[in-house]
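As written, the chain order gives the labels A, B, C and D, with residue 1 at the start of each chain.
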Amino acid sequence: MLMDLKKKVYEANIELQKKGLVIYTWGNASEIDQKKKLVIIKPSGVPYEKLTSEMMVVVDLNGQIIEGNYRPSVDTKIHLDLYKAFPELGGIVHTHSTYATAWAQAQKSIPCFGGTHADYFFGEVPCTRPLTEQEVEESFEGETGKVIAECFATKKPLDVPGVLVASHGPFSWGKDCHQAVFNAVVLEELARMALFTIQINPEIQSIPQSLLEKRYLRKHGKDATYGQII
Amino acid sequence: MLMDLKKKVYEANIELQKKGLVIYTWGNASEIDQKKKLVIIKPSGVPYEKLTSEMMVVVDLNGQIIEGNYRPSVDTKIHLDLYKAFPELGGIVHTHSTYATAWAQAQKSIPCFGGTHADYFFGEVPCTRPLTEQEVEESFEGETGKVIAECFATKKPLDVPGVLVASHGPFSWGKDCHQAVFNAVVLEELARMALFTIQINPEIQSIPQSLLEKRYLRKHGKDATYGQII
Amino acid sequence: MLMDLKKKVYEANIELQKKGLVIYTWGNASEIDQKKKLVIIKPSGVPYEKLTSEMMVVVDLNGQIIEGNYRPSVDTKIHLDLYKAFPELGGIVHTHSTYATAWAQAQKSIPCFGGTHADYFFGEVPCTRPLTEQEVEESFEGETGKVIAECFATKKPLDVPGVLVASHGPFSWGKDCHQAVFNAVVLEELARMALFTIQINPEIQSIPQSLLEKRYLRKHGKDATYGQII
Amino acid sequence: MLMDLKKKVYEANIELQKKGLVIYTWGNASEIDQKKKLVIIKPSGVPYEKLTSEMMVVVDLNGQIIEGNYRPSVDTKIHLDLYKAFPELGGIVHTHSTYATAWAQAQKSIPCFGGTHADYFFGEVPCTRPLTEQEVEESFEGETGKVIAECFATKKPLDVPGVLVASHGPFSWGKDCHQAVFNAVVLEELARMALFTIQINPEIQSIPQSLLEKRYLRKHGKDATYGQII
């Protein structure tokens, strides 16, 4: 069932490790089959070295395991909540990549300090508010999707393809799981550059809205001039 | 004698180097055979390139060499004192990994700033008090076990599987030497993330106790939901 | 057409990736054929893994594509403006290398803190002023060459073979594209060292002019003593 | 002539690159033949990829080339001055390794913050005073040996096997060129750890003299307990 998609999700998970974003089992990638409303996701706690395509778990949007001999990632509920909240998403990635996690732990959004950032994220990478004591008590996995959605009340998720969950780490996404991995790599590099930027100049401000728009729209949307016409 | 365990301890020592935690001879791993009360440990000052399983040294809990043609690690007394103070430990690792050592040199415990930390360490990674002038005079290796034990007066060592020895560096442990290596890698990454976290937000506080408990108990204890049921 | 030069420019682009200065498509190298007034440059948005010599694009100084099946880099106008403003340049490189980009985002010139810097850059690596709102509106790629040229009103471009474009990233150059790559690597390392230098001593000043001259002229100009006489 | 020693010095130079201490031509290693009073040193400006044993240059203590088809390193005079000032040295290394150079550029000695440092350097790694305007005018290479020697008026060079030259970078040494390389690697790691240490705790002080002595003498001198008895 869904063998091609399992292979694709497997490869996306492996790519996370190759790009240096995860050690041990610290990350997961998923993709949704939009027609069948089924999500393929990494099994929980299996080291990348032992992972195979066949181990990928198929769940429905309620979290029921439809196929698979393994328990899905403990972050599955967050993935599912994001697919439900943002129907335009095709793939989602979660990591504990060092610099993005540091911003998440610091509970600070990453300001847009330059063109590298503006090329991929249309504005700051938001950091969620911390969960309340009560939300934690109820279910911190269950409430995480909600606080992420709060951040995107006035943003389009594909224009800002990632978020920092306070005291946790980054989630990123895209049209499919490979684009979600790409955005995870970009986000980690932006987080790294941004830390060094504020260390060099603690007074520095975000770039003006006009430059942000020029840069972002050069690469995205119908008037993009970047890349090849396919 | 104990050939399997020697091989295991040898592999754990090699793993320290592969994971980038040690250069030259700057680290050592050991494991205890709980029935025979014998400890297998790396020989002193032998470069990892020249190390073999056969070179591992067998000592008893008094530090007497039971088998081996090499002198054991100069840190052997600290390992033995930890095995004696914390009978639940099966393996111990010491390194001079860069970021964990920096926190130890700074004489600061690593606060729990997020889920990555809370998944493996149930609260801050404590830093010992500095040795007194008199303790140094007597024997700094001899007194190190004592100041570590002081830190764990109210903690369970397997819940907080590592410590920073002030002005020295990290020790970590686990049920066996491989888990001790795993915790050494985790500790180094937590130390790195924590430095960047305070650089981004010097005012940031530890996560609340309720979140710490939720995260830690998701991965540990009888109600854990993480990973596969074996 | 210009097959040798295409191969050379291809190799320079690949070298950027090998040296760790670019991820994905985040960089470009070009060289000018001074007799024909034609510039060879990387195609836009093509990943380094898929790049071949044949894909290199030939443009004239007005940006007209003379040969090639691909659209040239979106930064082509900046390269052309620099070749026109500084006729002594033979090759140009643009990257988003982490530390140099951080200085550019911080909108700070890199002071000359020591011999490593003075050996290759005769004084600070200047950071351009930010573009005005109006310049951004008109064309940020179009105006970038202009603000770079402003920085070099009183400098010789081959004596200071690189610049930071505010809120964007570094450009470097040389007598050919390989020297431009070399200077991009040097610039990134200087940016890294300079950040650590001000972290260790925020009060530190640039080296005096006399030392700058001694160091730089040891390696450059008719009285150079460095290297071999060829 | 001195083929074995040339090979050894060649290997030491290559090791500098393997250990990540040098890029391009940014470093040099030498060794002295104490009987013949001849020094073997790397040729100037030759990339490591093209280096061979045969290219090593033989000079006498006055800097006269005794054998070799290449010009010796521009830093040769500094090496020679150190061999003359400190007759106990057998090998010398100079690099522009990132963190040690940052401390040199910051014009700060590296305090001894812990055991890693104390195991190899008996006290702080001193930073020379800056050269005066007049010294620079005369000859900055010529005066560098002098300001290094000033730092060691009350230190034994083999107990503190390295120095930071202000606004320049590190020199290290040992009984032969391999030990000098070893100390260059150690110095770079100490410089890195020390930066992170002061970032975590800007108030931190050097370790007390008693601990410094215990640590250092555990590894050095007639009562050393570290390593194997050979």
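For this structure, a couple of remarks:
The definition used in the following text is that a residue touches a chain if its C-beta (ideal position, glycine included) is under 8 Å from a C-beta of that chain, and two chains touch if they have at least 3 such contacts.
Keep in mind that this is a model prediction, so the values were computed, not measured.
When every chain is reduced to the mean of its CA atoms, the largest separation from subunit D belongs to A. Separation between the centroids of subunit A and subunit C, computed from CA atoms only, is 33 Å.
Residue positions 198-199 of subunit A are each in touch with at least two other chains.
Taken as a graph of touching chains, this assembly is arranged as a ring, one closed cycle with exactly two partners per chain. Every residue of subunit D that touches subunit B in the complex is listed here, in rising order: 113-116, 182, 185-186, 189, 192-194, 196-201, 204, 207-208, 210-211, 214-215, 218, 225-229. By the touch criterion stated above, subunit B contacts subunit D in their complex at residues 23-24, 26, 43-46, 70-71, 74, 96, 98-99, 101-108, 131, 133, 136-137, 140, 167-169, 195, 198-199.
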